[in-house]
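These notes are about the structure you will find just below.
Think of it as A, B and C in the order they're written, each chain with its own count starting at 1.
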């Protein structure tokens, strides 16, 4: 029987980037997953948690567990939100078996695709120079790829998956995993530094010839896209699932 | 009234801090993973060069004397002192000096080093506390003599050789003094030695 | 109250300079990567360093007593200071006793923390910082902007001008070699004249009663070998149990700090030279309190290598002074609020939570998680700006009410696309100053699902 997956679509993707949710859904279904989208889901509470407002997170964390606990796996196209659930919920649940179980079966979408569904390549073509932005939480919280600070053999399934797709050429960046400067409320409360960081990332991609800028996190891309459109740079922004869905 | 010491210790003891274990750095699991080189002396020379020093491999003191005469810094030195018998042509006698300030104008000092460390080009030097200690830092140029057989691979091996039983001063010296405090530009010769030459000597000296 | 975002925005305003600052520090970070890569057991070393430090903190009172015993046996005089005032009084007392009026000091962030220089100067003592970078900022009457490279924020033209005024170098001279040579001459004179030397301490060894000071310039050694009074100032967390532990820390420190395999001089002091005096001042100043906190204890692991600053994308672009704290950057944003949460309330938020600092830290301090924890504390202590507090409350409330959430989303999607630009992009909207807002889609994901997906 196909695993029953609860699709967790973060609030801002639901409201602002429905195409990312749709692409994620299509890919999962393409690979035979039985996907269900629980209607009552909203937000994992990350913005509040990152602002220090933990009182406001507790109820959302509990809601989250209630809504998703019945599935074989929970999959979400955002490393940041997954990291919130996996690494920052503990304080709201002391010794809670339900949470521990949920934590173990919550996956970032590409993680699920490459490690659980063991998808190694896709048959389609994507003839573009692709710049992969390594979103920090996927990188340094979920360890979905090697970070430049840690010494050890390099790894990264998403990079490999992209490289395996016909036509894809990955950009070589000066700073392969520097933060884009989104950082949630940081984007607004430290607007000046945040935008400079974003600009520097965009510049690095521009120099490297990136045509399509992608990432595992739409939030980083929302910020970078905002800068790209304001500065009218010739770079197209697509969430990783939007690229992959074109290659099915 | 309690003293500051009591207060600090009491304050520390009043905190509940879960005790944790201290790793055994000499255990096989760890010690077997510390870096080793095929030719530690060669690695030492390479690393020393990378930090701005010069490593010269020689047979004995005679050969040092010959090599010294080829060093510009030595040729141009007007005040030279040496702590190694027969090495160099000193014109300032170290035992005659009681106030370290009198070493102020030493241009070239030839001094003993105990052993070298391959991974970082450092030489361990010690001093029992006489005025000569300052020579390592105050002389314009420094040459160290190190037995060629005494090069350890890494710092773990280095500390196994060290004991601090007596009151003493000791330092790992890796290359000449340097600074990069002005716009990250490396300048050799900050306050201490402007150049460091390490002679790895085969025969006893 | 100092505000990081405000000061950072000022720094960023000069884009060229901010870029130059960013590149200088990134260069140091790259050198660190290169050095670390040459050590296959790098991560194992970090692991051991962290374990040794955690053990130290958990046995701190015993180790401090052991250290004092062993140091005293070597003729070193050990002093204890609860806070900065006591620390400064002890140091001044010692100098006064020896009639010292001229002191040289090698780099010590601890004496910066205690504001020792102005204190001694008020008492008529000349105190000269001898680390070149620190001397440069001292000439300007400024604190260091970085804990390893105190003048990293200054251009050589500015240093040239400063030296011209204060050391009489040629006007317009900017060659680092020339300027450093002038400083060498100036400072060597100071070394010769000084009657006492003050140093910091990188590591103090409980088992031997000795301590280690690391420099590249040789200034700690020149400052202490030419006179008869050496005063070493250290925080109580600088202790390590055994001499052998130094192998781990000396392998990590310089590689993490500047990418050198070791500092030029790593000097081990084990007792005074004949006829000389050696003193150690142990300072608490809030450290013992941190040791009791499960969340923040690890911050006492810090060996002040500054790698977290060099890698921090915010520090690199906002400069050390934007933190208004003795220690800037990620670790400073943890230590600052521990000392004064109100004054430093914006520091834990000067962080995009990218986690690079945590991965780079040689003693494995979970820096970005501690920063996150500090945000909670700041909120609990009531130092969070009201606007943030209220918006987060409203958002949480909205997210707990899915129907309302759906409704608000729908309203926004139907209104926003028709709003004139000036209503969206104005001074009220910090997002939109330099960025476009997302293009609002016609439908939310859940609306699409309802129409297109036959869910049960």
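To be clear about the criterion, a residue touches a chain if its C-beta (ideal position, glycine included) is under 8 Å from a C-beta of that chain, and two chains touch if they have at least 3 such contacts.
What you are looking at is a predicted structure, and each value in this text was computed from that prediction instead of being measured.
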Shared interface partners, meaning chains that touch chain A and chain C: none
If you average all the Cα positions, which chain's own average lands nearest? C
Where chain A and chain C are represented by their mean Cα positions, the distance between them in whole Å: 31
Per the centroid of Cα atoms for each chain, what is the distance between chain A and chain B, given in Å? 51
Chain B and chain C: spacing of chain centres that average the CA atoms, whole Å: 28
By the touch rule stated above, which residues of chain A touch at least two different other chains? none
Show the residues in chain C shared as contacts by 2 or more other chains, in ascending order. 39-40
Taking the complex as given, what residues does chain B use to touch chain C? 3-5, 7-9, 11-23, 25-26, 30, 33-35, 47, 50-51, 100-101, 104, 117, 119-122, 129-130, 133-134, 136-138, 154-156, 158-160, 162, 164, 166-185, 187, 189-193
Given the complex, residues on chain C that touch chain A span 4-5, 8-9, 12-13, 15, 18-19, 22, 26, 33, 36-37, 39-40, 42-43, 311, 313-314, 317-318, 348-356, 358-360, 372, 374-380, 384, 388-389, 392-393, 395-396, 398-400, 402, 405, 409, 412-413, 430-431, 433-438, 440-441, 443-449, 453, 455-456
For the complex, give me every residue of chain C touching chain B. 24, 27-28, 39-41, 44, 48, 51-52, 54-55, 57-61, 64-65, 74-75, 80-82, 86, 130-133, 136, 149-152, 154-156, 159, 176-177, 179-181, 184, 187-188, 191-192, 205, 208, 210, 216-219, 221-222, 225-226, 236, 241, 243-248, 250-251, 258, 260-274, 276, 282, 284, 288-289, 291-292, 297
In their shared complex, at which residues does chain A touch chain C? 9, 11, 13-19, 21-22, 25, 36-37, 39-43, 45, 47-54, 56-57, 59-60, 63, 88, 136-137, 139-141, 147-152, 175, 178-179, 181-200, 222-223, 225-227, 229-230
